[in-house]
Every structure is written in C-alpha cells, then in structure tokens.
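Please find one structure pasted underneath; my questions will follow.
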Amino acid sequence: MPYLSGLPLPEPHVDYEEFWRGCKNNRLVIQRCDDCGWYRHHPRPLCPKCRSWNARWTEVSGKGTVWSYTIITHPINPAVKDQTPYNLVEIELVEQEGLRMISNLIDCKNEEIYTGMPVKVVFEEISPEITLPRFKKTSFQKNFL
Amino acid sequence: MDSIKDKTAIVGVGWTRYGSIKKPLPESQYTLACQAIMAAIEDAGLAPKDVDGVMRFNFDSNDPVRLAHSLGINLKFFGKSMYGGGGGCACVAQAAAAVYAGMADYVVAFRAISESQEVALGHFASQFAQLGGIPGSMGWIMPFGLMSPAQGAAITASTHFSRYGTTSQHMGNIAVAQRKHANQNPNAFFYDHPMTMEDYMNSPMIAEPLRLFDCCQESDGACAVIVTSEERARDLKQPPVYIMAAAQGGLWYPNSMNLLDKIADLEKDESWHLAQALYEMAGIGPRDVEVAEIYDHFTIHVLCTLESFGFCKKGEGGPFTEGGRLEWPDGELPLNPSGGNLSEAYIHGMNHVVDGVRQLRGTAPAQVKDADIVLCTSGNAVPTSGVILRR
Amino acid sequence: MATIKDRYAIAGIGHTEYSRNSGRSELHLALEAIMGAIKDAGLDFKNIDGIVGDHPSRVDVMTIGNALGLQKFGFFIETEFAGGGVPSGLLHAIAGIEAGWATHVVCYKSLNGSSKNSVPAFEFVVQPHELGFTRPFGLLDPVAYAALAARRHMHQYGTTSRQFGAIALACRKHANRNPNAIMHGEPMTIDDHQQSSLIADPLRQLDCYVEADGAAACVVTSAERARDLKQEPVYIMAASQACGPSLSCGTMDPTVTENETRLLARNLFSMAGLTPTDIDVLQVYDDFTPLVLMALEDLGFCEKGEGGGFVEGGNLEWPDGELPLNTGGGNLSEGCIEGFNHIIEAVKQLRGVSTAQVRDAEVVLVCGATGVPTIGLILRR
Amino acid sequence: MPYLPMPLPLPYEESKGFWAGCKRHELLIERCMDCHVYRHPPIPVCPECQSWNKEWVKVSGNGKVEGFTIVTRALFPGLPVPYNVVRVELEEQKGLLIIGNVIDCSPEEISVGMPVKVTFEDITPDRTLYYFKKAE
C-alpha cells in the first residue's frame, strides 16, 4: 500500500526519464555538472553555475536531513480526500548544500518529524512504470556522512 | 506621438536544428529553448548574466523560472505574448518596449517548440470528456467539427475564392516559391526535397480547398533573438539590425473564438490594421520593403497579408503570386527566403525574424541582394503583430 | 531613453463589490470594473486604446475590447503568475504607452474565486513535467508550499505562529473598517487565530486568504495626460518584475538573501530613488501570512530573520502602527482579487479616501506574491 | 441523430439563453434594446453603444453561406469524413455570422451564397443543437 495513492504520477519526459529510471532500479540519481561538479534537482539542460551542457546522472547516497516539513491536515485538494493527515517533507541531500527534493517520510509518526532529522531514501513501487523515492528516519550514528 | 522607432535593435540571433513530428528531435522543448537562447547570446557577444528580460509565446512552457534556473540569470522583465502565432513579433515588440522604457537592458524573445513531444494526441478529447462537454466560446464552433486553424482558414479561402476568383494555383505559387527557398537553406527541414506545382496539386486535401502543402509543418526546434537599445547595440559584436517599427494589430473580436478563423472582413483584416500601425511608425510604405517575411500558417493567409500590406490591391493577391514575383533571387518581392513555416520549420514565425535579421546582416542562406528593409509579420486571422527591420 | 519614474500615472480605478457569490459571470464583473475605472478617470470608452488582461485568462481581452466598442487596436497583453503577476499589468501598460502603441490602457482582474462560477479552463498547454517531482508526494496546493517555507523560517529564526497571526490580525482590523471587505463585521483576536483549524501545519485557516468573487480595474496613462483628467493622478515612481534562480524544485527558500522579492526591492528602490523608510503604507500580496512576513524582510523593512519581531506589537496596524499593511484588509480579510485589490487600496490611500486612511500618506509600495516570479510598484500622490 | 459525434457545448452565463432557445427550436440572437444591433456570440455589453440592456430576439433562421469547408481529414477520433462546416450570414443583419453544418446536403452542392434555413435536432432529452438546411 503506497504512502499516498491516487495522485498524478510523473509522465514520461526526455529531460527527466533518467531520474525515474534510477528510482525504478532503486537508485537515487541526480543530474550533476561534468565540468564544475554542481548537482541540480530538478533536472535542467544547463548548469546554472557554469552554463556547461555536460552533465552526468550520478548516484547519490540517498542520505539527507529534513530541511522543512508540513503535515497536511485538511484535504483542500480532492485527490487526497480520506488520506489526511499526511506528511510532506523537503529533504536536503548530504551531497550539497541546497540540494533539496520533495518527498514523504514513511514508517514515521507525524509527531516525530523535526527539522534537521536524518533520513535515508527508500523506494516504493507505485506502478509497473513508476517507483517513487520516499524517506525513512535513520540516525546520525551509523556512518551517516 | 513619441515612439520606439529606431530606438532599439536586434543584436543576436540563435536557432537550433529543426525536426518534425515525423522526424523528431531528441531534445526537449526546454533544451531547445536553452540552445537557441545560448546561441543568440553568443552571437551577440554577450554573457548569459547580461540578459535581464525574456518574452515568450503564450503556448511556450519555458517560463522565466525555467530559464532563470537553467541559465542562472536574474530577470527584471518578463512576459508572454497572446494568441499563438499572432504573437511572435509581439514578443520582439514587447522586448523593445521594455528596453526603451528602461525596464531591462537585454531582452530575449524566443519560441521553442516540440510538437513531437508536447502535443499529446487526444489531448482535446480527454479534456472534453473530463469537463463533460465543450467549454466556453469553443462551444460555438467545435460541436460543428470546426476545431483546427486549418479548417478555419479553409472557410476564409472559400470566401476569397468566391469573391475574388482566387484559385488553388495561386495558393500553390506561394508554397512552391517557399519550397524553392528552403532548397537553398541547409537547416530547412525540406532542404533536399524539391516540390513542383504538380506535387503541390497532388498533396492530399485536408479541408477543402486547403491541401497538405498549404499548411505549415509540425516541427521541433527553437529560435531566439536579443533586443537592446540602439546605443548599446553600436558597441556589440554584430552589426545592429534596427527595429524601425513594431506593433500589434487586429480586430476586437466578440469572443475568444480561438480556433475559428475570424476573418469576417476580408477588406480590413488583422493584417490591414497592423500594416497601418507599422507603416505609420516606420514612415515607409510597401514599396520600401525589400524582403517579405510573412507569417505562413496557411498559404491563403500569406495571400491575404500581402494584400493587406498593400503589396497589391485587395482581391488581387491571387494574380500577384504569379510570374515568380515572390521567388528569390529574381522576383521583385522575395517571400520568406528561409522557407518559412511551410518549408523551413514551424517555429511559430520566430524563424522569420531570425531570417530577417540575417538578411540585413547579409548572411542569409538565400540572401536578397542589398536588402535594407525587411517586413516581418505574425499570424493573420488572429490578433497579430509585426516588426519592420532595417540595417 | 529616460527612466519611467513619475512619468506615468493611475488615472482611474473601478471595482465591483467583493462577495462570496457575485451571481454574475466573470466577464460581466470585469466589464463593470473596467467601465467604472474609465468613468472614474473622466474618460470616454473611445479614449481607451490598450488592454492588459489577467491571468489565468478567464476574460479575454478581445471580448473586452469589443464590448467597449474600442476603435484603435494598439496594444494588448495579459499578465501571468496569478498573484505574482497581477500588478505587472501596470508595468506592461507603461511599456505599451512608452512604445507609442497606446495612450490610455486599462488593466483588470476578474474572478469568481469563491462561487467558482467560471467558464471551465481548457488547457492548450501540456502541464509542466516538473510537477512530476512534487505532485506524486502530495505537494498539490500553494498552501503546502507556504507551509514548508513557514516551517523552515520558524526553525531557522524562531518565528512563531502567533507572529504569523499578527499579520492576519492587522488585516482583519483593517477589513473591519472597510464595508466592501468580505470579513467586515467579523472581528478576530489572536486567540481566534490560534484556535482556527490547522490546514497544513504550521498554517492555520486564519493564515490563509479569503476566497472572493469580484473584479477590479484601473486606467494607466502618461502623467501629463493624467493631470488633465478628473482625478488627482497617482504617480508610478517605479515598476519592476523579478525572477531569479532561487526558486528551487518548485519550492521556495525563505532563508536565502537572493530571492525574488529581494531582487525586486533592489530594482524598485533604485528606480524610485527611495529607501524603505520612505514608504508610508504597504500593500503586500497576502495569500498566506508567513509569505508576508518573509516579504517584509526581503523588501528591507527589517533584517532577514527579524520579521517575527517586526510584525508584533501592532506595528502593521492602522492608525498607530509604524507601517500600516494592507489597509483594505488584503487577501486575508478583504477578499482575494489576486492582488488587484491591493492596487485599488493603494490608490485610495494616495487619494486620501481609504476607509483606514493613513494620515498624509504620500508613498505606497505594492508587492506581488513571494515564491513565484513577482512584481512590485512604488506609487506616490 | 447528431450530424457529428462531437461533445456538446457546456452552456455558460452568457450562452444559457441561446441554448435554452434551441431547446424550444427557436434561434435566439442577442440584441441591444437601445440601439437594436444584433450580436453573436452574446456578450453582456453592446459593442455599438455600451448599453447593458439586452434581449433575446427570435430570428428567422434564414441566411446564406458566407464561407465553408469540406473537412477531409478528421482531427477528432471517430469523426466521419468528409463533413462540412459553414459560416452563415443571417439575414437580419450584415456581418451577423454563425457557425454550423448544413445537413441533408452533399459536399458538391454547397457553395458560397447558397441560401440556408435553420433546423433543430434534439440530441439528448435536455439538449438541442441547431443546424442548417438548404433553402429554396
């Protein structure tokens, strides 16, 4: 049972397919500039730092911290009717300051979530085509960095 | 009235290679936009951070956030034109206005298009199913099966045919001339595909009297131009191409019947209104125009636009196309020397502006000798826009 | 190429009642507001030769032009980014007049945001694929974006929900003086705010805007022409947009110092030749209270991170606060006309006819939404 | 039977009266009560005199084809080609145009200037569309 269901899923698109292919293979891959090494998410054609066209899909550790979060308590959107409350987190990955992505924390009570909480990616298959990256709490102790 | 005449210039142009839905490019619309814009920046001898404004087409999903993200730039002016192909030159016009008003220094006007990736088949059908019917003013036309610009243009053509005696052959003259031009342009999609009048006549009927080759292509690609003030333009890498006039034109329609070809008045259509505004601002007339970059979604509208801009009288557009008058290199008014939307690529008319600039720099693939003044127009039959360029 | 500073003016304003259910179409509302603005300016319909439409395009500019019987087809465009963009209509209007395309331009916004009595939207454009990185995780509505930004601001700077509430409170107090405000006659305390239901933690219902039906419009013309018209002109000292690379992954970073609103402030103040201390009244787009707080920091009214303390103690409240905010009640309490209500209120302040009239108000700053490509204006009388 | 298997229009504030008229097999066109100029599609304000006073007037339904096309390539799944689309000028006023189909008429018969008359087709129990027929 996925954490949230019935939501619009990513549609296939040339700029983003590597990311989703990675997820399908249980790998978190982020676009990284081949020249200056800057990670960028979401993917885009050019490196905003050095304007290089060269980029490589690079597997990252999947470790990060909760940069911010919210608990959606009121189903403003009909798509999440009967699914509230749910958490929505913005994760900052350890690879780079400001490298952030949107996800959810699973196996975690909403009250337990805090800003700065260490987390690690897990993958949840939603459909034969789409696997979503979600996150689980972890601890700083286990060789976090 | 004070105006922007000669106050701004195009200092950079960029374009990508072109594909079509049958021979798609692998790049996304986003990538194509960045390619064309970066090429224009380089052409101008600028750095990305110099760009502080963007104007895009309303159907273009490359909003300023995308561009700021990818190009790493800060923008202080941005906007989008309206009414699809009618808004191409409006992008250039608004860019010029923003520069002239001191709102930005270097404004990019661009169009990126990926019809192979972005136009989902059955897109309309699924939305109608979701909504339970045809919404808004489209309810006046779509239930009757009028749902594409080509069909609307066909209705206009039937009126033009009946009123003025225009023929398929006349429309064919336009298509054939432009194909000849594309055969000069290695980047044109139909570069190595010649076309005769017979080929044209044998192309399948889409919506009578419009044939396949009366219609623009469905393309992948992007074009971009950079506009700045005439003072700044003088110090840059390329010879400046001045914007003599820029304007919007058209009719105030009773409703936003976007897919209905709205020419109820063949005498004074959108392009007629545009022509008045452009010629007045530039202080020139049709005789001064040496290259005609006329928006060509459909041949019939090229014909109407030529009439409305006074190259011939109303109703005489048909015979005006005869005798190779529109053909490079010897015709008296070379039409869309790059091949245009019909035969170069359908970059929504931004390719016309790019070729116009290249003509004035003397670097066009089908170079019109000593071209000094170029007219570029956007789509007729919708609220439209245009620019007059000079070197 | 002179700067546009003080060379353009708002010559007329018009608006409908703001309500929960207008009972009219958005087109109808738009025409009422526009015709009101033209009349307010003392102009004839025939004088209008440019139109700037709203976003999302509920009411087509061509339909407006046709209904008004306009003769000259000089200039038309529409804004974008909803609340971030509404005031950009004025910027485009100025550019259009400066270019020589038009002399008197109307700008408008019309919506049945509360009753939802709208012609259904039909999308010609495929939804941006970037949404694949947010929507599957339940990031679906603006309130969730604002909640993420708010939570981070609280974490980093110790900002509290009560401080967000202070903004809602100020707007409500102002709305209670404004009979056209939807929340007129419904006083609110900070306890009411704290007890209102959580929508997206930490955002409560009273942190969020009030949906409304209504329309607003104004006429922009050159300062020279405006001086000969019926009303005292409200001069546009500065107008600028801003969009930079800091909007990240469809979310916003409330902590960076180089965000949109910061860029905007730099553009605006340098064009106007002013500093924040010169601003008498502030009209800031207020869909969600935390974003107002961040905008106050980014506009330079206080230091980054000090917004919480700045909004406390009635500092934003008419008549005694140092910086009266959204004196008509704003989106939070007057009703959300996506920021056009802020423009109307700014003009009323400078004409001296606001229901919460700031004494001797001379300069008003209008700021579009934070977290999207945005726009701002500095107006003076 | 509809001429084309297309979705029906969703009536909106300004168009409700028109479609209600069709239901009664009446072609109603909006007209200004002050300057008596017709307008189609309907809008709240008169483009000629900016009056808000308007009324629905039952028109004759007579007109002539001002322009037409025979669509030979379908853009919508399941559309039978060829089919015609006509732009009809109603006799009440010059330039008063309306889009429709001519039913019971072969593609070859249609021409610019051809006189037509309105006819109505009940598509569902609640909804009626207007079409045109060749007139003498």
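Lettered A, B, C and D in written order, each chain numbered from 1.
Convention: contacts are C-beta pairs under 8 Å (C-beta built on N, C-alpha and C of every residue); 3 or more make two chains touch, one makes a residue touch a chain.
This structure is a prediction, so every number in the text was calculated from the model and none was measured.
Shared contact partners of chain A and chain C, listed by label: B. Of all chain pairs in this entry, the one linked by the most C-beta contacts is B-C. Chain centres here are Cα means. That of chain A falls 53 Å from that of chain D.
Chain centres here are Cα averages; for chain B and chain C they lie 34 Å apart. Here the CA centre of chain A is 41 Å from the CA centre of chain B.
For chain A, residues that reach two or more other chains under the stated contact definition are 13, 15, 48.
Residues of chain B in contact with at least two other chains: 68-69, 72, 131, 135-138, 252, 254-255.
Within chain C, the positions touching two or more other chains are listed as 63, 66, 68, 119-120, 245.
In terms of inter-chain touching, the protein chains here follow a pattern that is not a line, ring, star or complete graph.
Which chains touch which is summed up as A-B, A-C, B-C, B-D, C-D. Considering their complex, residues 1-4, 53, 60-63, 65-66, 68, 70, 73-80, 88, 91-92, 94-96, 98-101, 103, 119-126, 128, 239-245, 247, 263, 267, 372-373 of chain C touch chain B. In the complex of the two chains, the chain A residues touching chain C come out as 4, 7-11, 13, 15-16, 20, 41-42, 48, 67-74, 76-77, 79-80, 83, 86, 88, 90, 98, 100-104, 115-116, 126, 130, 132, 134. The part of chain B that touches chain A in the complex is made up of residues 26-28, 30-31, 34-35, 38, 48, 66, 68-72, 117. The touching residues of chain C, counted against chain A in their complex, run 129-141, 143-144, 147-152, 155, 197-203, 205, 245, 248-251, 253.
Partner chain B is touched in their complex by these residues of chain A: 13-15, 44-49, 51.
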